[in-house]
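Two complexes follow with subunit A in common, the first pairing it with subunit B and the second with subunit C.
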Partner chain A sequence: MAMRNAYVDQFPAEAKVIKAAFWSSFLALAIGGLLGLVQALHRTDVVRFIDSADYYTVLTAHGVLLAITFTIFFLVGIFTWAVTTSLERGVVDTRFTWSWYAMMVVGTVLVGVTIFAGFLEDAPEILGAPLNADVLFTFYAPLQAHPFFYVGLVLFVVGSWLAGVDWFRTWWAWRGENPDERIPLPTFMVLTTTLFWYICTFGVALSILVFLLPWSLGIVDSVNPLLTRTLFWYFGHAVVYFWLMPAYMMWYIMLPKLSGGKLFSDPLARVVFVLFLLLSTPLGIHHQYLDPGIAEGYKFIAMTNTMFLLLPSLLTAFTVVASMEHGARQRGGEGYLGWLRALPWRDPVFTGMALAGLMFAAAGFSGMINAGMNINYLVHNTWWVVGHFHLTVGTAVALTFMAAAYWFIPQVTGKALWNRSVALGQVLLWFIGMTFMSNAMHRSGLFGMPRRTAEPQYSGFEFEPAAGTVGEINAQVALGAVILTVSLALFLLNMVLTSFNGSSDAIPDNTYAGTLSGPEDAPEILDNLKLWTAIAIVLVIFAYTLPVASIVENGGLFGPGIEGQQLTLVPDTATVLETVREVMP
Partner chain B sequence: MRVSKAGLLVVAAIVIPIVVEFRTALSWFGIELSVLEGVALAVTIVLAIVVWAVWPSDGNGNAETEPTDPE
Partner chain C sequence: MSSATEQRTTDQATETDSGETGPVRTIGHDEYDPIGTLILIAIYFAILVLLWLFMYFVEFLGNGPTVVGTLVTVVGLA
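On to the complex of A and B.
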């Protein structure tokens, strides 16, 4: 035990918080993933476990638990690891760390209870409204949730803000001790990501605190739906980078090391993270290409910014692959492609992350289709989009996190992984399952199969796939979903059985990749966080002032006066139609 | 073995998206493979790769090439 130098040996107090955050995220993954299977089988009419009227309760839980809870709990864990490991010092005060974690837990429980109360025959009335929140993870008006849902979200987001404060505090303390040093790369990545998280969550906080929460409490009687949508998407695109940046961080600082080499370029990595800080937020309107009430010109600006964001992703692909090649050649790999064989494919951490990166490349292609203003009209709100983001957040992020867990859980517990072969099988199964599910979803979208629909089997209407049959495509979705669920079960099994293991001496040291071209090659200005934040804010002001002003001018700050819809309570189409007419005169 | 067992598994896994997408791509050229034909194609490719992998690389029956070695 004397020689071991794992994270838990260096930072035992921090390791406990990180472990708690990881387990919170695994729990969300377990519940959310199971609901994914329920949805896939329900929609394709293979087996229907639930009543279709409860579909949106399931879908809300799946979206919130996976896209918000699972991802963010995991990333606050690795960000805390990254800051402490790269600064070689603990957080300033672990009681503060525990308190933001606790705040996020309380928020999650409140949100979760409110969503799951939607399954009850008679949801209890609290604060004069029935407890439910069938509002999907996008929660914009006219859908309305119980106030607890919004309060829970606020607690969760504020918890994440305090986590950011914790990382900044730790960095400030370090800077005091090391005034002349460059910010270590992992900390740089965490801080830039946190900065755009602050910028983008400002919009959703505004939306909740000024509009949605007062509206659900009955303090104001209406809201402007387009305004709440726009504020959501102001946050909703940047949040995808909040999920993705930790995955990128893993690819930059873990993959090169696992491949046996070094990161190709520290300066390039810094440039990439600065570009994300600048461009993550001023493009949310690309989710609203089909929204009436926003002029085409603003949509065009959003599209242009989106296309610019391809640049840092392509830089990442280049740097990471170059670093892997360098590693493979260090291990004796040769030839144009022969070096690929020298990579450590037996290692589930490596293979999981590499396959996640490969799927992200595919997601990049379908993302470019989404991002094009005109071609987006073809796929908007179809299953194509769902196929796309199961490659991004559902694989590039989720699979990277699961693979990373195989390295992190031993680091923070001091226990050896229960079974590495099962882990390798698990990441391969996720890759295979997602291939089936996502490919079929993309193809469904091309013939107009809508997303967010419990029973897309319409009478008197046939979908016309350009290739294959609807039955076959549905079977492919169901098959993919089953394989994914098996993969998920294997992941959780490995985690649970690992936690029953005793402490082990064979845990690798807590390290990350060195660099071929280090921070000394990066211009000082890259570390000027104030400058980049200021530019990011200016870009946001440019992109959003005019569209928001015109939305408020046309629809009123608090809207033309519509009532909220609670979906489970109003299965009556006439009411829904009436609402639609009120929104779109 | 010309590649490690793990490497072989990974290659087999990567064949699946290639076949799935290839089948869709072919249909744009009017060539429609049935599900069974698609599965057969995948199995054939994977088998071919397995045979290639276990085939001795220099005709010497028990040549054990380490995966990290050049061909």
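On to the complex of A and C.
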């Protein structure tokens, strides 16, 4: 048998860190995913075993563990893989790599413990405040979390910053050894993504370190909620691209290879990542179309920047599909669309990523609706939005990552995947479950059903949507959530049983896709990271200086005496129903 | 493609452990015409346009101003 050439054979030390990052990610996925089921069943009134006040603790944990912990732990793993594999050299110092990983773990534990303490009847008092963080993923003031929540987030983000330093150091070392070479595409993708991560996390760091943390510690008495919200969304939209870029990377450098072909165009891929570096941040205000206190003109600028992002998204759709078609035709595929049958649909890695891409196309539509300043009023703060981001982060990203794990875990462990058929079933189930759940969420948003609500009852009064019923929507969401949970369980089972496998010689080589049009066809200027970063910062200054100045001028830097609120709810169905009957007799 | 990345990239998908057949021919840059991709993207674009028209003219303009309407109901003006 030929000598094995998997990642673990090439970079055994880095493989250990990546494996640890993956497992941290899977643990977050397991807990966060299970809480998703609890929520879906509670909200739809299928099974309610938690107190409705605890729904918001569950929701916070679900959001933070999946949107932050699961995604970012996984992506630091694949980014480290991408840099070392494409530069053909290890990181400069694995002790540094372990230290940023450890910092992210400590941050996560601190955040996790603080959130989960919210389930306790009498949460312990630490630093003079009860330990809890029922503030949801967005931690909008005046909702206030325990200081540990903010400190944990800071540690996690600083850990990710150091991970970026690690990738840059590795690249600098490589550049010293290879002064005349173009940046290999996977490393280019990692570096551009890291750069906009630095730009966007500056906002959330400012929000936490200057305002929310001192406020939760009692150092300052008040914050300006609109300012901290705006700083959150300065980060909060770019973070979605931080999750998405690793998925894009997989689509660009793995899908063509899995399809049996080559990446259609390296230059186009570089253009796409440069556009995301430029445009990821100066558009966060599009999450605040309904926030009073921000002038329409600034919202319009945010909308324009958002619509510009359709360009790299459609470029990606074209390049990735063209690369898959190239593979299919090399495999003997014929006809205008007949080539689709020649794709390797029995390969769970391919099928998972391809279905994730298909779901992302659907998310492109609901994203366009969200992004429109006027039409956003139709869906703002409804379940539509939840349906949208379950297609993006919940499928385009999560399903791509799970599918990628079927390739990566053997690479970093040297163990063959436990069961490929189960893996194929798993990715299909995810697609089916999400189709039910997300479709129903989108439609319910059009009825005006709110998000972030423990008991949207819709009973005791007449409510007739144009198509379908609330009962049918709820049934679809509950069914979808159950299918997704089964899929998640199968994924975790496959990962756990794979780790019990012995070492295998049948692990494929650690390679990524070649290109039809390579970096020699890409203008040199695309690799000028300083230039693109400078332009990105200028765009951010243009988009944010005036709105932030106006927010501070109107509400003050520290706001008009806004005190922190801990979320307390005493569910009283009778009162709620009475109120509803008054409004809708 | 630079020499540093040559060994790391793969010309063809060599992983056939899913039991799929590998490539049977090589299609170079100049002889490849992604007509199927063009068709798929055109279909997608048409779907986007149609759904947007539906959302704007039927769902958005077709519904009354819900937020204002409810408020007016609450304060008993309508």
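Rule of thumb we're sticking to: the second predicted complex is superposed on the first by the 558 of 585 C-alpha atoms of A that agree within 3 Å, B and C clash if a C-alpha of one lies under 4 Å from a C-alpha of the other, contacts with A are read in each partner's own complex, and residues count from 1 in each chain.
Everything below uses one rule, namely that a contact is a pair of C-beta atoms (placed from the backbone, for glycine too) under 8 Å apart; a residue touches a chain by one contact, two chains touch by 3 or more.
Note that the structure is predicted; figures quoted are calculated from it, not measured.
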{"item": "Partner chain(s) touched by A:S259 [first = subunit B, second = subunit C, both, neither]", "value": "second"}
{"item": "Partner chain in contact with A:M3 - subunit B first, subunit C second, else both or neither", "value": "neither"}
{"item": "Which partner, subunit B or subunit C, touches more subunit A residues", "value": "C"}
{"item": "First, second, both or neither for A:E181, with subunit B first and subunit C second", "value": "second"}
{"item": "First, second, both or neither for A:Y512, with subunit B first and subunit C second", "value": "second"}
{"item": "Contacts of A:I525 with subunit B and subunit C, given as first, second, both or neither", "value": "neither"}
{"item": "Which of subunit B and subunit C A:A574 touches, first, second, both or neither", "value": "neither"}
{"item": "Which superposed partner A:F365 touches (first subunit B, second subunit C, both, neither)", "value": "second"}
{"item": "Partner chain(s) touched by A:G332 [first = subunit B, second = subunit C, both, neither]", "value": "both"}
{"item": "Intersection of the subunit A residues that touch subunit B with those that touch subunit C", "value": "331-332, 335, 346"}
{"item": "Touching residues on subunit A, where the partner in the complex is subunit B", "value": "331-335, 338, 341-342, 345-346, 351, 355, 358, 362, 424-425, 428, 431-432, 435-436, 439, 443, 466-468, 472"}
{"item": "Subunit C partner contacts - residues on subunit A that touch it in the complex", "value": "85-88, 174, 178, 181-182, 184-185, 257-262, 264, 314, 317-318, 321-322, 325-332, 335-337, 339-340, 344, 346-348, 350, 361, 364-365, 368-369, 372, 374-375, 377-378, 420, 446, 448, 506, 508-520, 582-584"}
{"item": "Residue ranges of subunit B touching subunit A (in the complex, touch as defined)", "value": "3-7, 9-10, 13-14, 16-17, 20-21, 23-24, 27-28, 32, 35, 67-71"}
{"item": "Subunit A-touching residues of subunit C, taken from the complex the two chains share", "value": "1-5, 7-15, 17-29, 32, 34-37, 39-41, 44, 47-48, 51-52, 55-56, 59-60, 63, 66-67, 70, 73-74"}
